[in-house]
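For reference, chains read A, B, C, D, E and F in written order, and residue numbers begin at 1 within each chain.
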Amino acid sequence: MNWDAWIPLLVIASSLLPGLIIFFLAEDRKRLRTTLNLAGALVKLALVCWMLWGVYHEHHYETRLTLLPDLELVLRAGPLSLLFLTLSTILWLVTTVYAIGYLEDSPHRSRFFGFFSLCVTATVGVALSGNLITFLLFYELLTLSTYPLVVHRGTEVARRAGQSYLVHTIFGGALLLLGTVWLYTLTGTLEFTPRGFLNDLGEEHRPALVIIFALLIAGLGVKAALVPLHGWLPQAMVAPAPVSALLHAVAVVKAGAFGIVRVIYDVFGVDFAAGLGVTEPLAWLAATTIIYGSLRALFQDDLKRRLAFSTISQVSYITLGVAIAGPIATIGGVVHLVHQGLMKITLFFCAGNLAETLGIHKVSEMSGVGRRMPWTMTAFTIGAFGMIGAPPVAGFISKWYLGLGALEAGQEWVIFVLAGSSLLNAAYFLPILHRAWFQEPQDAWPEEHHFGNKETAWALLLPPLVTALMALGMGMLASAPFSPLGWAQFISQREFYRP
Amino acid sequence: MNPSDYLSAALMIAGAVFFLAGTLGLLRFPDVYSRLHALTKADNVGLGLVVMGLAVQAESWAVVGKLLLIWLLVLLAGASVAHLIARGALERGIKLWRR
Amino acid sequence: MQILYLALALFLLVNLGAGMWRVLRGPTAADRMLAGQLFGTTAVAVLLLLAQTTGNVALRDVALVFALLAAVTAVAFVRRAWTEERTNNES
Amino acid sequence: MSAAFLFALVGVGLFSLGLYALIVHAHLLRKILAINVMGSGVFLVLVALAKRTGESQPDAVPHALVITGIVVAVSATALALTLMLKLTAETGRAELPEDQGK
Amino acid sequence: MEALTLLHWTFDILLGLGLLWLGWRVLTSPDLFNAIVLFVAFGLLMALAWVRLDAPDIALAEAAIGAGLTGALLLAAFAKLRTVEKNHDIAGQLEKGKLENRSFQWWPATFLLVVAAGLGHTVLSLPHYATGLSAEVSANLKSSGVSNPVTAVLLNFRGYDTLLEMVVLLLALLGVWSISGSALPREAAPGPILDTLSRLLTPVLILVAAYLLWVGAHAPGGAFQAGAVLGAAGVLLLLSGWRLSSHLAGLPLRIILVAGPVAFVAMAVFTMLTGGQFLEYPRAEAGTLILFLETAATLSIGTTLAALFLGERPKNKREYP
Amino acid sequence: MGALLSEISWGVVLILLPLAGGIACFLFPRAAKVLGLVSVFAVLLSVSGLGWNIKVNGIYRHAIGGWNAPLGIDLYADGLSLLMLAATALVGFGISVYSADYFEREDAARFWPIWLLLLAALNALFLSADVFNLYVTLELMGLAAVALAALAGGRDALGGAMRYLLASLLGSLAYLFGVALLYHGFGSMDIAMLAVRVEASPAVWAALGLMSVGLLLKTALFPLHFWLPPAHASAPAPVSALLSALVVKGSFYILLRLWLEIFGPLGGGVDTLFGLLGTGAILWGSLQALRQTRLKLLVAYSTVAQIGYFFISFPLAASAGVTAWSAAAYLVLSHALAKAAMFLATGNVLRFGGHDRIADLDRVVQRLPLTACAFALAGVSIMGLPPSGGFVGKWLLLQAALTQDRWDLVSVIILGGVLAAGYVFKVIGHAFTLADISHESREVPAKMEWAALLLAFGAILLGFLASPVLSLVGIGVPFGVSEVSP
């Protein structure tokens, strides 16, 4: 075992160990806790950068541990893994900073940050998984580590949200498990392989494979919030804002979407899946979810709920991209994994800032807030434009490639879905912006806190600004090397062009 | 069959008759005291006769001794227990039968 | 002689069965226990007879133990189990 | 048919009788008696069938097993009786709590 | 000869039917005390059945334990049950041991008839001749150290079972001591008759126990039977109002209680240290070692049975002067 | 060192050591705690010795008294026995550490000797190769378990113990009847010899029926589980843990052993019946667990449900033997650890808050984070979520079921996991709800919390140890070689 084999493990450990230590820290050891959190995040970032450089120079980072007699736990850094890994690592760092500011005086912080770290560990594991059982392992760990975060507030509403979350995810996990074992009994392997590992399977297994696909997608669709499995997501809004950011942008829904990408690319293979005839229904399902989520978002007054339905809609772009099963659409879908993450996390940070600073929870309370919190609302505006798909924000790139890809694959109907969704996005974001920037403020904010002469605490303000800038930058510098788009093209090539 | 066989047979049959008598007494007599009386007499004598009958046939004196020991033990236990039961019955107010 | 031993044993067994009636009938616990006493004695006799028929001398030891243990049981009854209150009933 | 099978069948009968009583009766002392009768049935089967050697001397192994079994039975009976008494002291009835009031 | 066979058959069939009938009455008679007396009688008949089955060793054990000690245990428990129920003052509920004789229940009865029929069929289907392990037992009897095959099996061939057996007894006692706590009914003074009886019988019982222990090597008898008789002696003493003096009720009593298993464990360690298998006695000393084991076992069994009868942990102070 | 390890007959040591320990505890009640802990630790070491021994030399066989079977009794240990012994020693040690602080002086003197004798009985059971000897160990185990179950005193515990005793005695008698039939039909009590000699006949079928019913009763397989919840729920916490984690496994082991060696090869539909009952157990037990309002009863019913999983293996073993049996073995092992941890955690909750009403748990579990964590980790294994021993077991079970298209069983396995999640989270949810800090009643010693946590952690760790564990279990090929490769 050379050093390269250790690095994936180190990446896992860099958040696992601080997390475990934090559990045992007393509530008031704030400085140590913060140090541990940030140090872990920075170490992880460094390691990821190291791996990025390495993979680009064709190093192989792979860890294997025996799990069952014929099954191994595999952690491997491939291009797709790194894309997701980098995203979650960066966003973890940002979110940690934000959470430190956000949870300034609330109780149970050690518990919170412990599970927070576990949650990131699970996400990183999901990203690095080299086979389906490893994926399953971290996927379930993610369920378990996010549950305490969802119910963190400890209210009756939170408890019910947690229950709903559990019912959905446990059920999804069971389906995923079933699909995985079944697949294993057919093939004897679960190793993620470009263009899938099912090509040698006989014709007689096709019906079984269709069902397995359905099981896997259903299992993943719960976390990816595909309609009709999305019920938990809006309820989970009761969680603290950093948790929502984590759920929506980094960890949970992303893990689901990422899993769908994995299943279609590295388990079934795009061609094989298309040949089975399973991608088209999936595309329709994704399209339905996109429209449904947008429509529901339109009618929410609660800001976070509106964002939640927006997530349901936006995440399905990723699914849609891979389900179209063409090289260009793939680029769109995969790159949206990153873009949506950045934009959505910005929006949630901003929503959190509004709630924390002014006590604003509802869209109808936002009149004139742009003047009170200009920086926050600037970040919010960038995020919202990205969601709508307006250039030069990153969201535009995703939609552009999705549209092109659909045309290339001869699926023109997708264009209408994209257009319709963009319109709807505009319809639910623009009124917010209008209200925030152009309406007169109310006499008093619901519950105002003062942070000196700043609009809010720096730990709360910095993260959304950073992520907003990144979203902007990725849109403008999309063709630069090492940009998400570049990676997405790399991934797409690997899948569609035989060497 | 030699003469000793006849002797032992007679003794044992007599013993059996006593046992029968004891049982009949147990079944027919009207109260616990009279039943006690009949029973202890009859079965102890019955057993004694059977033991004697067997002793006639015994192969060694040791066997005879053991047989007698058994009989003595039964006698002792029977008498004591009968006494205890009778006293207990009186203490508990079980009435004597009067014609 | 064998036949006589066995016949007597059989007779005593039947005799024992007849005595069972008193156990079932009662009426007082003393009566039942009394019948139990009869069983012990009868069983000792049966065992001695069987020892003679089968030639298995060990059965005399069984009879000996029987004789001893029957006494212990009876004492247990008198000392412990006989909890009847003063009664005025009569058979 | 021989004495071996005769007594083995009696053993089967006692086993079944005991099981019936164990199911039907609620009183614990009765249940304990039932278990004892069942045990005697099993012992009888074990020993009766040991007589099938065709010689005067039966198979000694089951005899040893049954002696072991009798000691187990008396130990279990003693424990059961103590438990029954203690339970009765708590509840006032020598029945299982769930059976009471039926 | 014909008549003899007929008598044998009659005896066996009557005995078998008697057993079944008694078993039935034990379990159905409406009076609880009656059921116990019938159970003692049932033990008596069982002992006769063992005799008929050429199993004098078991007959001895049954006479001592099945009919004797179990009867005493049941009678004592019955008495305590009355006291307890009286304390609870649930009037008329179980008046004088009469219980509501649950009416005949068809479903269990039918089910058990089927079970009995199936088991009966199974028993009858077994081969009519089978030697079991008797050949192996007699082949190895010489090297076992004793000449009574049952003792050979119990103490040598399957001595391990016997070791565990001693532990079963010990565990039962531990369980009883751990559970109990119900006060004994105060013992009435024994009275002259009982006093004399126990004075006479106790030495006899102890002698008989020693005799059975000794004779077990070559004839029916052995540790269990001897232990049971010894236990009966203890029971008789307890019934006569005798209690273990307080300074013996602690460690000394416990040492005697575990003497049997300790002897076995010591023997096991000894045999293994001398290079043999677990409980493999040196052939030459097998007889002596077995007698040693049996003596310890007899002491333990007797004391344990008596302690089980007493039912509660002896106190370290005198309760009954 | 190596020579010493293989010179000593560790199987014998494993039986004598706890026996001697138990007797010593009985003789010197004041020192019972120390003597007990030392004995249990020594047993743990001896199991490692035995494991080392059979890993090097293969199957362990020891002819007691120098008489070989069938005349004498043999001790026998292969990978399966080793697994059970190791589970017993590990869980037993954890529970012992817990008990050292749980029982006060008076109770400690009662608990330790019985527990050590129970340990001796379990070890003897797992090492026995003789069906009658197994009966004696079964009785030993039963009496010890009942005595422990009654320790708490009071109406519930005594009633539960009484019911348990009756069920246990009935089970043993049925088993003994089976032994009688086997012996008289085939002239031996040695399992291996019987395995060679048996052929389909009424005696074998009746023996199978009697022994199965007897052992199922003791294992508490639905619908013969009626005695388990009252007994397990009313005993002191360490005792509940012992009963649920180890004692029911003893009778299951005998059943498994007999099935593998004697009855399984004969065929017949009994395995299907076991599967059906297992299904019933999973569904009924889980639903009952969901309905409970008291934590201890919930955990007890969870045992009823989990026992069902062991029996799902029987119908699957016909054509996927090794996988199905490995699954059962792994489930037994991980259930032992997880369930012990759960009961110990419950004991902490009860001690701290003085009650175990699930609806009012908030304040209690929040003040005991380690205990809550232990319960949750154990719950992960019970639910069968990765990474945990329970997951490995269910994975293997699903694999065996899917290779034969047993969709009925597949759905039961999956559904059981979902239901388990339901009842586990019914409890865990309370750890996160807001609650006022209340006046707690009693301090919980740290050792008691850590014992529960470490056992639970062990159940999780098993998720990563499947390969070595299964290769150890495979020593002596207890499950045959009929592997179906996927």
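Here, a contact is a pair of C-beta atoms (placed from the backbone, for glycine too) under 8 Å apart; a residue touches a chain by one contact, two chains touch by 3 or more.
All figures in this text were calculated on a predicted structure; none of them were measured in a lab.
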Identify the chains in contact with subunit C as well as subunit F, in label order. E
If you walk from chain to touching chain, how few steps can bring you from subunit A to subunit B? 3
What chain pair has the highest count of contacting C-beta pairs? D-E
Identifier of the chain whose CA centre is least distant from the whole-structure CA centre: F
So, comparing C-alpha centroids, which chain is the farthest one from subunit D? A
Could you work out which chain's C-alpha centre is the most distant one from the centre of subunit F? B
Distance from the CA centroid of subunit B to that of subunit D, rounded to the nearest Å? 32
Separation of mean Cα positions, subunit C and subunit B [Å, integer]: 11
Just the number, please: Cα centre separation of subunit A and subunit C in whole Å. 89
Overlap residues in subunit D, where contacts from two or more other chains coincide: 15, 19, 45, 49-50, 52, 61-62, 65, 68, 72, 75-76, 79, 83-84, 86
So which bits of subunit A are touching at least two other chains? none
Would you give the residues of subunit B that are in contact with at least 2 other chains, written as numbers and ranges? 73, 76-77, 80, 84
Chains that touch, pairwise: A-F, B-C, B-E, C-E, D-E, D-F, E-F
How about subunit F: which of its residues touch subunit A in the complex? 369, 380, 383, 385-387, 392, 394-396, 398-399, 402-403, 410, 414, 417-418, 421, 425, 429, 432-435, 463-464, 466-467, 470-471, 485-486
So in the complex, which bits of subunit D are touching subunit E? 2-21, 23-27, 29-30, 33-34, 36-37, 40-41, 43-45, 47-68, 70-79, 81-86, 88-89, 92-94
Mind listing the subunit E positions that touch subunit D in their complex? 8, 12-13, 16, 19-20, 23-24, 26-28, 32, 35-36, 39, 42, 46, 49-50, 52-55, 57-58, 61-62, 65-66, 69-70, 73-74, 77-78, 80-81, 84-85, 87-88, 90, 93-94, 99, 102, 105, 108-109, 112-113, 115-116, 119-120, 123-124, 126-134, 137-138, 149-150, 152-154, 157-158, 161-162, 165, 168-169, 171-173, 175-176, 179-182, 222, 224, 301, 305, 308-309, 311
Residues of subunit E touching subunit F in the complex: 118-119, 121-123, 125-127, 130-133, 136-137, 140, 156-161, 164-165, 167-168, 170-172, 174-175, 177-179, 251, 254-255, 257-258, 261-262, 265, 268-269, 272, 276-281
So in the complex, the part of subunit B that touches subunit C is made up of which residues? 1, 5, 9, 12-13, 15-16, 19-20, 22-23, 26-27, 30-32, 35-36, 39-40, 43-44, 46-47, 50-51, 54, 57, 63, 66-67, 69-70, 73-74, 76-78, 80-82, 84-85, 88-89, 92-95, 97
